[in-house]
Structure formats: C-alpha cells, structure tokens
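Here's the structure we're looking at; comments come further down.
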Amino acid sequence: MSQPDPNQPTTSGDPLLEISNMAVAYGRIEALHGISLTVNPGELVTLIGANGAGKTTTMRAISGILPLSSGRVIFDGRDITRMKAHQRVAAGIIQAPEGRGVFPGMTVQENLDMGHYARKFDSKADYDEALERVYSLFPRLLERRKQAGGTMSGGEQQMLAIGRALMARPRLLLLDEPSMGLAPMIIQQIFRIISEINQQGTTILLVEQNAQQALSRSDRAYIMETGEVIKTGVGKELLVDPSVKEAYLGVGADSGSDTSRAAAPAAGAVAGGAAGAAERPDLRK
Amino acid sequence: MSFLALSSGPLLSNDVISFDIANLGRSFFQSTLDGLEWGAIYALVAVGYTLVYGVLRLINFAHSEVFMAGMFGQYAALMALGFTPNGNAYNEGPVMTILYLGIAMLAGMAVSCVVAVSLERVAYRPLRKRSAPPLVFLITAIGASFVLQEFVHFVLPNLTGQTLGGVNAQQPIKLVNREELFSVGDGSVSNLTLILVLSALVLTGITDIIVNRTKFGRGIRAVAQDPTTATLMGVSRERVIMLTFAIGGILAGAAALLYTLKIPNGIIFNGGFILGIKAFSAAVLGGIGNLRGALLGGLILGVAENWGQYIFGNNWKDVIAFALLVLVLMFRPTGILGEKLGRARA
Amino acid sequence: MTYDREMREEGLDSNAPGLTGDDDEANSGPAPSGYGQIPDEPVDVDVTAVDPSLADPEHVAEVVAPQREIRTAEGAPLMRMEHVTMKFGGLVALDDVSFDIKRGEILGLIGPNGAGKTTCFNTMTGVYRPTEGQVVFDGRVLGKLKRNEITRAGIARTFQNIRLFNEMTALENVAVGTDARHKTSVPGALFRTTRHRDEERDAIDRGMALLEFVGIGERATEKAKNLPYGDQRRLEIARALATEPKLLCLDEPAAGFNPAEKSALMDLIRKIRDDGYTVLLIEHDMRLVMGVTDRIVVLEFGRMIAEGLPDEIRDNEQVIAAYLGVPDDESA
Amino acid sequence: MSTPAAASGKPQARADQPKPAGGKEKIAIGDRFRLWWNSLSRPTQWAVGVPFIILLALLPVVRPPGISTVGTDFGGVMAQFGMIALIAIGLNVVVGQTGLLDLGYVGFYAVGAYTVGLLTSPDSPWNQTGDGGWLSAKWAWLAVLPIAVAITAISGLILGTPTLRLRGDYLAIVTLGFGEIVRLLADNLDTLTRGGQGLSQVAYPRLGESDTAMNGVFAAGYSNGGNINNGVWWFWLSLLLIVLVLLGVGNLERSRVGRSWVAIREDEDAAEIMGVPTFRFKLWAFVIGAGIGGLSGALYAGQVQFVVPTNFNVINSMLFLCAVVLGGQGNKLGVILGAFIVVYLPNYFLGRTEFLWWNINGNAIADYKYLFFGLALIVLMIFRPQGLIPVRQKLMTYGRQIWLAARGKRTKFDDNPAGSDKPGSTAAAEVSR
Amino acid sequence: MHRVAMRGALVVVAAATLTLAACGSKSADGGSSNANAGGGGTTQTTETGSAGGGAAGSAAGGGDSSAASGGGSAAASGGGTASGGATAIKPVEQISPEGAKVEQKSASNAANPAGDGKAKCSGVNIGMAGALTGANAALGINILNGAKVAIDEHNKANPDCQVQIKQFDTEGDPQKATQVAPSIVNDKTVVGLLGPAFSGETKATEPIFSQAGLLSLTASATNPDLTKQGWKNFFRGLGNDNSQGGAIANYMTKELGYKKICVVQDDSDYGVGLAKVVTETLGDAADSSCAAKVKTGDKDFSATVNQIKGASPDAVYYAGYYAEAAPFVSQLRGADVKATFVSADGTNDPQFVKQAGNAASGAILTCPCGPAPADFAKKYQDLNKIAPGVYSVDAYDLTTIMLKGIDSGITDRAKLIDYVKSYEGQGLAKDYKWDDTGELAVANPWVYKVG
C-alpha cells in the first residue's frame, strides 16, 4: 500500500473511515448495539455522550483491540474489520487512549518514539521534522525530554499522549477523552492544540465528555447513549440541542415531576451555549 | 580447628550444624572469586526469567531446561566439529580456541533460543489465547520441564545412537583449561574467571542496551508497562513475547557454554534444574522484571552461596541458596532494585 | 508502600498488564469464553419449597434487615469524611473532601470521569488509607482496619466490574456474605457443632431470603457465572447485604443496563433503603441518580464542588460546567 | 500504583465476564460422571459409594487378571495408591480448593515420615521405643501418628505464616524452596537423621499378631499365603483413613470454611471485602493440607519401615501435583482418581509384555512415565484444565436440600401449602428450623 | 534483520572477551596426546569390563545423576563415541583386610553351573530382584545378565532340569521393593532369590523374605548392617563395605606409606558407611581438618578442593560414586592437588575414566568384585550382546551355587538355605564360604589402578 502524505487528506470524496452496524460485546453483554458513523478526510468529528455510553468501546473497536461481533469497519476504502491492531496502526489509525496510556518507565523522548513504532520514517530528516512539529506544538515536552513519563502531571501526560500519536503521522487520529481529569485551563489549551492539528490537515475522531469544548470545535458530532448513536449533526448546532444535556444529566421530558423545573435550565444551557455568556446568569437560581 | 556446636541441648548433644567462619577468612578471596563465576552464570539465566516475567507476568519454570538444551546444543556442535571428549582445543592456538568457543556459544544460543521459542509457541500461546489463569501456566511449565528433561534422558540417546543424552553426564570436551593469570590475596584469578565474569557483564550489558535503547527493546518495555497502549502504538504483542523468549533463550545458551567451561562434567539431562531454581532466586533477589537486578542478584547469590559453602561445608550450599530465596521473598519480595521492566532507568 | 499493599492494589487495577490482557490477536475470534468452563444444567428453584415462609414479602424483608434499629436513628450521620486528602505519588486524587452520610438515606456520589469517585469510594471502604484527614464510620475512625474487618464493622460494597465467585452458586455466593457475621470456624465445621449448624441454617435462610428480596430466588442453585448479567448485579447486591452492613456502597450498579433494567434497579435500591439500610450510590447514569437519591455529592478533580438535593445539583452551574465543560471565553 | 484514572478502566475489566454457556457443548465422560453423581440423592450416593469402596478394598484380594499388576505386587501398589490418594486429598485442599500453588508439598510428607522415623527408629538419637523411651514398641506407630500429623501441621503453620502473604507464583517458588530445604536438612543433619543412610526399623502397627503372622499383619513380611499380604492391610488402613479424611474435609468444604476457600480461589480481593479473613483461612488450608500430608508420610514410614531423604525430592512434589491436576483440581473424588492414575499406570505396564493385542515393552513405558506425565500436563492444561473429573463443590451443609427442593420434589411440596408446618416436608422443615 | 544484527553483536563481543581470556591458556599441558588417541580404550574396557563399578550399596536409588550406569552398557556405547584416552581401570592385586597382597588361586577350579548333566528337576526357579528400569537399572541388568549366563550353561547341559530366572523390578526404590517382594514370595516355584541389589531395598524387603524363608543371596548390597539384623536367609556374595574400606585404609597406610589422607564422603548410605570405616581404620592418618561432605548431584567442589589444597595430603579418599568423583578429581587436578585419588567400587566404573579423563590417571580404586576371566567375558558377550559389567561375575557365581543346590535335588526353600549355609567352594571371582551371619568367611577386595 502506498503511503500518501499523511498530512494531506485523500483527494477522493470517499469517507476516510466508515463504520456500519458495528456491534461489540464484552462476554455476553453487548456494549455497542450496531452503530454507524463516518469520518471524512480532514474532518474533526466528535463522539460525545455520558459515561458508559460506549464511546471508549467504539474507539477500541476501531483500533482493533476489541473484536466486533457484527458490522464492518472500512478505512480508506479497505475493509479492516479483521485486521489486527498493530497492522491498523501501520495503516495509519493511531489512538491516544483514554487515561493517556503514557509508558511510565520511559522518558518523554522514548514515549514519543513509541509513536512511530509501526510507521517508520523514510529518512532522518522526516523524523526530525515530525519531532520538531510535536515539540513546537507542545514546547513543554521539549523541556521535559529526559523526564520519565510516569512522573509528569496529567496535562503534560495528555500532551505527551497526543504528541506520541502525532509521531505516527496518522491518517486518522483517535483521541479518547483528552480532557479527562484535567483542569479547565489545561483543557482549553489541549483543545486549541487539537484544533490546530486538525487545521494542519490531520483527520481526527474525538471522543469527549466535555461537550462544550468538543462540539464548538468539531465539524460534525455524534451523540451516543447506551451503546447507540442517538443523534448526529454539525457540532455547533448540536451544542444548542437539548438532547445533549439530557444525555449527560438525565434531564429530559421523561423525568416526571421535575420536568418543568429541569426544562428551563436545559433550555437555558442551550441558549447559553448558542448566544454566549449573556444568558448564563439565569442558571444561578 | 574449632568446630562449634550450634546447639547443645540434651537432644542436640552432637554437632548438628557445624560451622567454621575462620575457613571463610582463610579463603575469602578465593570463595568470592568462585562466587562471582557462579554469579555470572546465574545472572545470564536469570535474565531469561526476568524478561519473560516482565512481559508476561509468568514464571517460565521450564527455563532451566532451555539452559540444559543449550548445554547439549554446544556439546553437539563441538562433536560435529570432530572434537573427542577429553581432547583439548587450545592446542591449536588461541585463535582457534576463540573460534571454537564462538561456534560453541552460537550453537548453544541457537538451540536454547529455538527451544525457548517453541516452548512459547507450543505450550504457552494456546493458553494465552484461552486467557488461562496464571496457575495453569505454571503447571504447563512444569509439564514442559518434565518433557524436555525426559526427552534428553531417554529419547535423545535413541535418536543420536547413544552419543547424546542418557542417564550419564556427557564426557567432557574441555575447550579452555583453567590457568592462573594473577592472584588477589588468597584467590587466584584465572582465565576462566575472566571469561565467565566478563561474558556475563558484556552480555547482560548488551541485553540492557537492546532493551533500553533499541526500537525492539522499547517494544518490550512498552508491552511490559502497558500492553494495551503498546498495541495501540502498533506493537505486536505476540512478536514481542516471542522476541523476549528468544533473548532469554540466547542468554541461557551463552550461560550453558560458560557453565560447561566451568564444570565440564555438568552436561546431563537434569543438570539445569537446581541451577534454574537458583537463577530464578537470583532474579527475585535483584528484583524480578529488572534486568540489572538479574545481574546484581546473580552475583550476590553466587557469592553468598560460596561464602556459606566455605563456612558450613559443601553440602550446605543449596540450603543456603534456598534459604536466601525464602528470606528474600518474605522480607523484600520486590527485590533489591525493585520490580518492573525498564523502570530502573526512570 | 509494602509489598502486600502494592499487590492488593494491583489486583484491583483492572488495567494491570498480565497474562490475560488484551492482545493483538483479539480480532481473530470471538471473545474468550470462561476458561475451562463445564456445562451445568440450570435449575430453577422453587423458593417456597425451601422455606415456605419466603412466600411472604414482609417476612423476607424482616429476615433481610435484622438490624431494624437503624431506622430509629434515621438522619444521624453514619459516616463522616473529614478533610480527606489522598495522594498517589505526586498526584492528588482527593483534595480535602468532607461530607456526611446520614442514616437511612441514599447518597449519590457523582462526578465526571477521573474526578476521583473511585478513589473516594476506596477510601471510604478502607481499600486506601487517606494521606490526610480521616473517615469516621459509626463512631470509629477507619484506617487501621483490614478490609475484612471493615466489612464486619458494617460497610459492604459491590464492584463496578462484577466480581462474583464464578464457580459458586448464587446461594453460595450470598452465604459467603452471611459468613461475615458467623463465628464458628474450622473446629466447629469439622465436628459439626450445634452452633455451627445453626449458623449454616442461618446462612441458607438469610441467603434464600436475600435472593428472594433482590428477585433472583429461583436462581439460587445456579452458578454465578451462568446467571444473566442483570441477575449477576442483583446477586452482588444480595451478597453485600448478606454481610448485614450499616452502609451499602453500590459502585455503578446500572452499568450495562437497559432502561427497563435501570428502573427495576431503582425500585430495588429504594426498597433496600426502605428496609432500613443506608446506601451510597456511585453512578454515571444521571437519570438514575436523580431519580433515586436523597442527596448528592459532586466531585471534580478530587475536590467536592457541590452537595445537595438532586434538584439543586441539577441546577448547579458548577456541576453543569463540570459535566458539559465551559466555552473558551467563559473561563478565560 | 493504581491511579484513579487507571482504576476506572471499566470496559476492559468487563471483558472478563464469560459468555453464556449457550449452545450444545460436548460433555466429556468426567462431566457426565459428575452430573450423574450429583443427580443421585444422598442415600443413593451412600448406596452406590459404600459397595464401591468395598469393591475397591477387595480389588487387591481378588486381583482380576486384566487389572492386577504383573511386575509388582498389586497389594503393594494399592497401598502406595492409598498414600498418594491421601496426599492428593491434602494437596487438593491447598491447590484445588484454595488455589494456592504448593510445589513443596513433599516437604510435609517428609516431615510426617521423619517424625515417625525419628521417634521410633532405633537408629535415631531421639528414639523413644527403646529403653527409657515413653513409647511401647507395640503401640509406637499408632501413638506417634497423631504427633506426626500435629508436627507437620505446625510446620505448615511455620511455613505459611510468613509466606502466605505472597502472590500465587511467588508462593509456588517459596514452597518449592521449602520442600528442598526439608530434604536437604534431612540429608545434612546426619547426626539426627543419619543422612543418606536413613532411619531403618521404623515402627508399624503391630496388630493381628498370630502364629502365622508373628509381627502382625502390617509387618513387612506378612502374607497369609494367598493374596492378602501386608500391602493389602496397609491399603485397607489407608482406605479407612481416606474415608475419615474425606468426611472431615467434606465437612469443612460444606461449611463457611470451604466457601471461604473457594471464594479466595475465585477472587481473593472480593472475598476479603466480603468479610472473609483471607489470611486466616489460607493458613488453615495450608495447615490442614500439611497435616494430611504428614499423615500420609507417617503411613509411608510405617509401611516401608525405612526413611531416607532421596524419597522426598522435588520430582515427587511434581508427581503429587500431577495427581491433583490430572484428576480435577478441587474435586475430592477427582484427585483420588488422579492419584490412582499416577500410581497405577506405570506399575500396570511394569513387566507387561503385551497390552490388549499389541506386544509392548512395558518396562520401557514405565521408564518414560515422567515424559508421559509431562505431556499429559501440557495437553490437559490446553484442552481440559479442569481435569478429568471437574470440580463442583457442595459448599453448603444443607445445600443438598435446596437442590432437592429444586428438582422433582415440587409435587411433594405442593401438597403442603406454603407456611404449613406439617412433618411431611422434611427438607423444608429442616431448613426452616 | 535486527535479530541477526543483534546476535552478530553478541558474538563479536563474546569473541573479544574470549580473546582476552585465552591469552592465559597458551601453555597447554599434555592433554594433546589424548585428543586423538582413538579407540584403544574400547578393547581395554571390554577386557576389564568387570572392573566397572556401580552403585554397590546405594540406599534408595539416590539422585538420578548418582545412578550407576554399569560398566556393561557404558562400555558398549562408549566404544563408538569416545576415546576415553589410553587410560583404563586395570586390576593390580587382591588384598587382605590388613592391606597385604593375597596370592590368587587359579580360576580353573571354579564351580561350573553345567554340573554333570544328569540333574533332574521341574517347576523350580530362581528369582532375581533389582532395578531393571529407572535411573539405577544398569546395575540390576549387569546382575541379571551374569545370572543368565549361568542359567544358560546349566539348562544346555541338563535337559531334564530346566530352571528359569524370574525377574522382579524394584527400581531400587524401597517402597517399590516392598510392593514387589510379595510377588516373589507368592511365586512358589521360586526357591531362591538373587538379590536384592541395593542395601536400602534390602533393608526394606528382607523382613518379607526372612518371614517366607526364602534364600536371599545378594551380589551387590554391601552395607555392613545387613548381616546384623538376624535374618537367617540372607547371604552376601561379596565383601561388605567394612572389608573393602578397612582393607584399603590399611593398604594406604601400610603398603603405600601415606601419612596424611583426606576422607571425602557423599551423602549416600554407601558413601557415609564407607567413609566411617576408612576414617576409623586410618586412625591418625585421617586428617579431620580436610574431611568433607559433598552432595549427590553436585558438580562443583571448589570449597572442598580448596580445603584439601590447603592441607596438602598424600592421598584423598573419596567415598561415593563416579558421577561426583569424576568432576571432583578433575577439579582437584585443576587446582594442582597432586595427592593420590583413592576410591571404591562406586567409582570403579569406565564412566569415571571417561568423564575425568587425564585427571583419573593414577587413581586407585577398590572393588569387592573380581575381574572377569576372559572366557566368561566371551560367553557373556555372546549371550547378552554387551560386555560384562560390575557384579556380573559375582552374580554368575551365586547363581551357580543355587543351581548346584537345585541339581542336588532340592525343591524347597528351607533346604536351599541350608545348602548355601554349608556351601564351600571356589567361584570365578572368589572363594565362597559363609559365616553364621551370612557374610563371606574370607572377603578380600581387589585393588585396581587407572593407568
């Protein structure tokens, strides 16, 4: 397979990743009940939903470390449903996993080098260029090059995880909850960099819990609930959709007597998201 | 000569355990040097335990038989080169001796490597696919250990027309005679001391470099530290496991040659068993999963065992080694340098 | 950190690399089935045949909660977290957390992923000892107790990822729980003393009652691993209740449930509370948490950001921000 | 170690959950046997079991030609089987029930044998059977038997207390070291044990003394002229002890003790959190297992009347483990079958020149036994790790009544309306006080 | 690719290390001449094959590595593969308990199993018990084969008296032996038993034979205790460890004039017993400061060697088996200890010479067994297709004695015991006449030398 420049989206109009009716089970518990989604070249697509909705399972299935019980995964026109995980990395799908997965006993530099384990560089120059790109995105990592991954703070680890994935020059970058456990300032920083990476041409599939940040920056989004995709649309439009809040906080039309009281803040949040900070004070009742 | 009675109650009126510390004092350097020679061998075998444990959290109980296979491998290679037992290679000069040593070591490494990798393929991989509990792995390893020993004991002699294997130790082929180079105190440093200790240092050093500085080594450490993420980075876990067994086998093969240099009469079907347990103790002593710990643990165990031998007598050697193992596991089960492959660097 | 401790924690850490971890061959076949599984015929037990009085729900409830006096002290604090800080190396997992659990209430503990809920939970159930501060339970300071002693002290828990004794039947699983209150040991069992036999009867009576109480009485003789998923969750709850706890901690009991199962679970949790137990609930599913809890504590970054009635929490801006995040301009 | 982030990896952990045992699985003969046995009622089990035990006891008396051994005395083989069966039962408590891998179990066997040897052999400085000793020659063995069991149990306690906090595979290696240390001590402490010279003329039960059997039926030379020789008597004695030990172990198994053991085996952390004092029960398992091993060692010393260290090497430990794993870890009947296979098969082939319609060299087959056992272990672990007769413990004293209530008895109970206390429903009455 | 590179690197570095070390090994000793000496040893071994020594009194089978391989099988296999150098074990002389040389009688008067050819018997057999499988099988097979030669001669000469030898395998394991013994006792056609082979199993089983009144004539169990148990049926067909140990101790001090001897023992029944006798008989000549104990299965004796080196004795007496003796003597010579190496029948095995090589030369070995006469060796070779091993001759002699008893019309066990008790005659190996306890009246061991 010829490797096109990973930083350029494929020119054809076909989706880069196409998942159809993917079902995944842990033992006898089906965690995904046949979801379908597509990611087009150059897009930033977000998968949001509450904990336990099946987002991470989706990511793991795409990366190939969980087997599908049914459905198909097509990457760049090729059926990779039965492809082994490490071969998928070689094909260009790389993931920065939930919980960062930084190798605690390796230095930052070594962790970064793990990124291109399965995707070799053609020349030293390419390697230097990629490394420089990562270090310019995350100057912090350069400072800590010799430090062991396990001793870094959560934010730094997240940067390292993303940087490591970038070292693979991914054709599809999977980011699983990059904001998890991070302070708001750091979250913003991370999301800015994610946008930047996307704008530089890398296709990204992002799983997030932090809907505000994720939806405002993504081209399209899927909302998941209990193993199913319940809604899809343009990121910024979903931000004002009441079903988002419902998916998170369990606030919706069916919550009985609470409906009237819950509906207002929900609407408020939606409005707040759309119109900015102006209407936020309404929530402070 | 004073023999002290350890205990002298009415029931223990005789000397139950006699010891003589002065004897160690008289032979302190010699016993230490002997201990270092043993330690070198233990260390190389211990690396095999440590690597496999680091990656799989599995005590490869059959590693002692991988070592034993290495002894027979290098012996067979020398026989194929036309050596006769009790002949000596060094008559042809140092260059040829080194060549022969190199060939023997390669043969030992190759055989051990093949045995280790096939062990992984045949016995362990099917269990991994079935997500078997650790106990099952250990029992399988014991079974494999039986099979390898008995193969050399009974089947190999029939296959080779009685020239290899069987109930007796092989007749020794001596490649290098022990010659004193210089002496330190009461001890004499011989050519073998240098070969053994330096080989162990160099080989564990190379392994350390491979594991800590090469791409494959990073793969191994990645799997040891976080198998799932390693897979997400494109590391094939199966390949890493195979490589780990291969490296362990290669070092065991090297250790096999060193052992036969030291003990030319040691090539026998059950010759790896006790040595294997001791090498495992060494690995635990240094911190299992830790490469440098294996070297350190091997040397410490070798020296401690030899000192003890000089104090209590030859027949207490194994007791000392096992007692050390039990004590270490009881009081510091993570060993001197701690567990975790590759963490020593961090 | 002692070896013992380290190993235990590793045992709890489902991410620990090991023999059975994920491997890249996973795609070549279906998920591995239980290793060395042997077929067993499932048999439905007629509960009333075992103990006719189990037909009466009142009686069942009576057997399940012998410590009715809990009710009398309703509202008094059962457990206090007092300025608990928990550090792992440099990482601060819990930062000065203080709250109460009152007798007879259902307290919800929520927070986004990585907020420290599990750490908090483990600190409360004695798996971890707090770096600073203390946990006071029923007038005693926890922290010097072994885990089995904590259970005897009156804290029982279920597991996020179900951890039943797979080769044991449902009834046997529950019996292990009842044994926490039993006194006889090897000599009693060996010689079948009267007291031991009484305890064994008690194990069955209470066991059956508990199974009936959580609604899986007819599955009593089935191996835990062969139970349907939902029943396994119920069995975990029954097993925890069997230890006669003062506080029942449920760790994501609804994980993997469909809406119908969730609503049944809500009923069960309420029933447990009504029977006199105090319940701590950690759950992601907000509909369930909002629907069943009396009070909610919210954690974020190891800090407690809110505490209050479900309605208050739902409208709490900080909580909404914690869950949905904030736009750039908001916090900038 | 486990950071909060790592501990929340919920989806992976759930992968441990098994699939439903759906579909038609092939049922092996061992499973069939177990299902059949479980389906019998308690009285029927006794009705089948007692004649079976009697048949087994009569086996070395009848010596059916196809079953009896050729190259060695069948009575003696059965006596050895009895001892190994005891060992397997003891080891099963440790390995099968509690899930603690003990590779040095032979150490306990040795301690038992040496206790008897040291106290009753004239070669030993601690001999108590001679002048000034407190053991009468006639009752020496029987008197020492409980002492041997107690001392072995204490040695289990001594070994277990520091080591049982270790994780499974470490424990295995420590016990292996312990087994070797015991043997090496027996060898090196030669002022006590006479080292490799061994202790001879160890006491044995002097029962059934008569003109034809001057030293009793357990004496080494006894034979009634027919098939009943001392080996058969030792077999009967071990059979009796097996039944007693089985009853004891069964009592433990069907109680909180057995439940705790299995819970520890299944999930030690969960067990502890459910209030099981895991360390204490692991120690109990170790001590009980050790005691049973010591009992078997005492039998060995009595039968052979001679103990030397070489009989207690590690390879025997592995053989014992083979018996347990082969038969089915955790299953009392299974491990006895395993012990039978381990002892009987090599002896069966010994001296045999034909098997069914093939000509064979039986001695060679017997020679290769470790090779075959090794292969068997590997194959078994891959394809049938639960052993020939897999485990299904009964962990409740009155669990049987639940079982009965579950199947086939419903009609009977339907006659008794719920809540009634009529004496007809024995099971129900017994369970519900 | 990387793996190849890696291995290449390993080799390069290893070679470099070895270069350094090999500098010290330029001065070769006389080993060169042996390297290609070739098959001279093959015939030697065959001729003196009976001198091979196995486990004379091994208690219970011992560790695997201590197993007696037996001269026979080893000689057969060894011939094709290993030169073993020009050295071999050669008989020197037979010595009295005082260590003095004993004049040999001619073997031509030895009892002949063929008899007069007119013997009549039926349903009378001889049993043989010993290790036929397992680690210690070689010794049992030597004995069995020796007995077969006698039986073969007898049956060919006496068509009306066909005696069978029934084999019973004990594996050398006492417990196994107690299982086998009842089978022997219950076989009523067995009137006499050749065996058991080892001392340990003899201790365990002799009560059974004694009770059954079955003659037990051992060709190899040499533990002195065995004749002190009051068994009326037990006769030892060779000198016990005391006679061997006492004689060699006196031989060393009186004939060879050694003043200082280190006694090293292994942990076997045999080694411990032998060392005790030797030490006692040596008296002051035994230096307690260099007395040492080693373990069966050990291959490293550095501490003991160092201890002996410090004592610089005239001789080192090793009580144990060749499996340890060979590396031990190699390491002694490697450490430049020049003291004479003296040992007994456990070491008297071609394997000792093969494994120790040059280090073995000059070693003095004793054996209660005599060398096999050439015509016996030929008959043995023809019948069994391998060369005779240790105790084959003794087994032949003892079987002959039992056959003569059967030929004289004895059909029950008690009479055969009486017959042996009063027997007096010459055999191929030695004179046979027993005292009241069942020991040979005169038991003079042979001295062999490796040269």
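Each chain carries a letter (A, B, C, D and E) given by its place in the written order, and its residues are counted from 1.
Everything below uses one rule, namely that a contact is a pair of C-beta atoms (placed from the backbone, for glycine too) under 8 Å apart; a residue touches a chain by one contact, two chains touch by 3 or more.
Computed from a predicted model, the values in this text were never measured in an experiment.
Student: Need the graph distance between subunit A and subunit C over the touch network, please.
Tutor: 1
Student: Among the chains, which is located farthest from subunit A on the basis of C-alpha centroids?
Tutor: Result for the farthest chain: E.
Student: Counting contact pairs per chain pair, which pair wins?
Tutor: Summing C-beta contacts for every pairing gives the maximum at C-D.
Student: Approximately how many whole Å separate the CA-defined centres of subunit A and subunit D?
Tutor: 56
Student: How far is the middle of subunit D from the middle of subunit E, if each middle is the mean of its Cα atoms, in Å?
Tutor: 39
Student: Taking each chain's centre as its mean C-alpha position, how far apart are subunit B and subunit E in Å?
Tutor: Averaging C-alpha atoms per chain gives centres 34 Å apart.
Student: Provide the C-alpha centroid distance between subunit C and subunit E, rounded to the nearest whole angstrom.
Tutor: Computed value for the inter-centroid distance: 72 Å.
Student: Would you please write down the residue numbers of subunit C that are in contact with two or more other chains?
Tutor: 3, 6, 15, 22, 24-25, 29-31, 33, 35-36, 91, 113-114, 228-229, 252, 255-256
Student: Which positions in subunit D touch two or more other chains at once?
Tutor: 4-6, 8-10, 12, 14-20, 184, 187-188, 367, 385
Student: Pull out every residue in subunit B that's touching 2 or more other chains.
Tutor: 58, 127, 130, 132, 134, 136, 215, 225-226, 228, 231, 236-237, 315, 318, 333
Student: Touching residues of subunit C toward subunit D in the complex: what are they?
Tutor: Listed in rising order, the residues of subunit C that touch subunit D are 1, 3-4, 6-16, 22, 30-31, 33-41, 43-46, 48-53, 55-56, 88, 91, 93, 113-114, 116-119, 122, 125, 127, 146-148, 151-152, 156-157, 159-169, 171-172, 175-177, 179-182, 184-186, 188-192, 196-197, 199-201, 203-205, 208, 220-221, 225-226, 228-229, 232, 239-240, 243, 252, 255-256, 302.
Student: In their shared complex, at which residues does subunit B touch subunit D?
Tutor: 11-17, 58-59, 122-123, 126-127, 130, 132, 134-136, 138-140, 142-147, 149-151, 154-155, 228, 273, 277, 280-281, 284, 315-316, 318-319, 322-323, 325-326, 329-330, 333
Student: For subunit A, which residues count as touching subunit B in their complex?
Tutor: Counting only subunit A, the residues touching subunit B are 63, 65, 84-86, 88-90, 94-95, 97, 101-107, 110, 113-115, 117-119, 148-151, 164, 168.
Student: What part of subunit C is in contact with subunit A in the complex they form?
Tutor: Its residues touching subunit A are 15, 22, 24-31, 33, 89-91, 112-115, 228-229, 252, 255-256, 258-259, 284-291, 301, 311, 314-315, 317, 320, 323-332.
Student: Which stretch or stretches of subunit A touch subunit C in the complex?
Tutor: Touch residues, subunit A against subunit C: 25-29, 31, 50-52, 64-69, 81-86, 98-99, 151, 153-154, 177, 179-181, 183-185, 187-188, 209-214, 216, 226, 244-245, 248-252, 254-256, 258, 261-262, 265, 269, 273, 276-277, 280, 283-285.
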